[in-house]
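Going by the order they are written in, the chains are A, B, C and D; count residues from 1 in each one.
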């Protein structure tokens, strides 16, 4: 069996670790614009659902999955095995810990950043190729605001902010009943191809 | 202490019975356009939160709260006592049961209708004054569709359909994190003032 | 004819000035928790739709409508006349201009604040009674963030942030088609009853 | 230059024909689960944005784009040329017109169906392989309801209904301001692999 982008949520092994839902995962990965040989980092990898799907999209590339929680690290590993993915390197650290050794990057996905988002963005910026992308999934207003302010003041980047709200209809007897998923802001940042002075 | 429209959810006694959330309750009651002496029915009253707030808006009127579940009936009663409301008459029945004895109505709110929505609408229609309103909160596509089809084929009514999605931000440490409430369709039906033949 | 809360949008005279939509107007006013004698300010009053509805809710009180644009000032005036409202005082100024002469306030609604939100909040804070409310309608992330940071650092206040998304279904031939209204953040800030030191 | 899934909206030539927005296009195509050799039909192809992206995902397959409006047919053609796509066959017809000659299908996308959705679904069903998928984008409650009822009564299918609401933040001066896109229901129907009697 082969896996395409859009693995259903229930196929991932997840325990009690929160997981990005299918539709947000799809949009996040598509907006990262991976090639088959892309080198990417997944900061705050959680269950590894995004890392696994990125690894399948970039079979000749490499995904670095950074995660601090032991329970989650175990899930990332199990999901890589389940989906036959061999190009995910798991880094057991709280970002920005463990990030200095990352190679040059084609893209970065940030799902969880704790209190260190600016430092994490600085490190990613130092490694991201021109034309590369940073895609953030923001569930708090603080993360959203930090990302937005960062991109407004780093002129090497253009950015897009969307908010996505998905409701899923459960089939209960003869009824189809709405169940909302939490809204999420997806911030997609593109590093300009040319050199541009970054500060005002 | 006096109560105005917009009682916070946590002030109602609710147990495990699902409750219409504050914002949807506010919009539902405002769209019913009550006067101080309005006579209204609340079909599928649940915890009684809508009945209580309508009773406070219509202190010289009467609210008939129809509910079939014993646990909910007890909550309606407790909430009426808590908020000092004496103009709610509780009807322990599964609608349309118990509805024939309703008097002429200024408005009707339908929060839960089981499988009998069309019959319930027929009875309400037979009792609703010209200019009166029926406001439905629909959480399933089936209820929404039945209400819409009913109003499209009963030309004495004009209707408005809106969908409302509220997300509430929880304050967790220094973060404000979105938590979605389920989307709801609010169908507001106005009975025309003049006589109009109801069937095509 | 009397007017209740929830005047339909199309009844206001509006020209090309943007207007808060009915559902957001209802929620904003209910969350301001007005009494019949409340004294309130409406900062960035636009067409005056919120001022008019607040004036109708507080017939023995007073609404101060601050607005800088000439076209909008004219609309506020026309809407007050149309709805027979005599307790709106229009202040032609760009807030915080014109705010120093405001009396003690029971509530404030901020629909538009330009670049001066913090100063505006400081002035309102200096005039707002304990237990009073400030309700902000935020359509930009910057306004939302400024309001949130202000309330996090002024401990005399507790606050609630919700985001409301309304879609309205147009009846086109036999179809009912969704048309989204822009999402809005409603920030409701309550000044504590007791004296609390405001700074950490 | 190569094209990946997720072409920005502004890269398509579109005139005044309504176009599915990028995020909905991505989710629709991913949920159709195309292979490189998939044979698919796009009913109500509009500008051709979905046809073009499906053709790029299935370079060894074939996309049949059915569209009745002349202005749209011209756009489909222009977009195929712009994106270098040679595996789209345009059928100038109002579906179900022109559908009988379709070959066996791996997937179908329905963006517009006029009044004939049931007949269109019957024809697609007669040509869809076991395991194939039908993905509908529904902007009206009628289309949603017809699709749902069809799938509830055709037991060869399981289905998923989601509603997606995207808001896009415009960068206006120093502000980021929300602009809602219309909500859309995406109904994804999967034909069971095994033979199952279709009627109760």
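Keep in mind that, in the parts below, a residue touches a chain if its C-beta (ideal position, glycine included) is under 8 Å from a C-beta of that chain, and two chains touch if they have at least 3 such contacts.
Predicted, not measured: the structure shown is a model, and the values here were computed from it.
Matching residue numbers shows that C-D is the pair in C-D, B-D or A-C whose interface repeats A-B, with more than half of the contact pairs in common.
Each chain gets a centre from the mean of its Cα atoms; the one farthest from the centre of chain C is D. Between chain A and chain C, the centres computed from C-alpha atoms are 38 Å apart. Centre-to-centre separation of chain B and chain C, using mean CA positions: 27 Å.
Centroid to centroid, with C-alpha atoms defining each point, chain C and chain D lie 42 Å apart. Of all residues in chain A, those touching 2 or more other chains are 141, 148, 161, 163, 165, 167, 169, 174, 176, 178, 183, listed in ascending order.
Remark: chain B residues 4-6, 23, 26-27, 30-31, 33-35, 148, 152, 160-169, 174, 176, 178 touch chain C in the complex.
Taken together, the chain B residues at the contact with chain A in this complex read 139-143, 165, 167, 169, 174-184.
Across the complex, chain C is touched by residues 141, 144-145, 148, 161, 163, 165, 183 of chain A.
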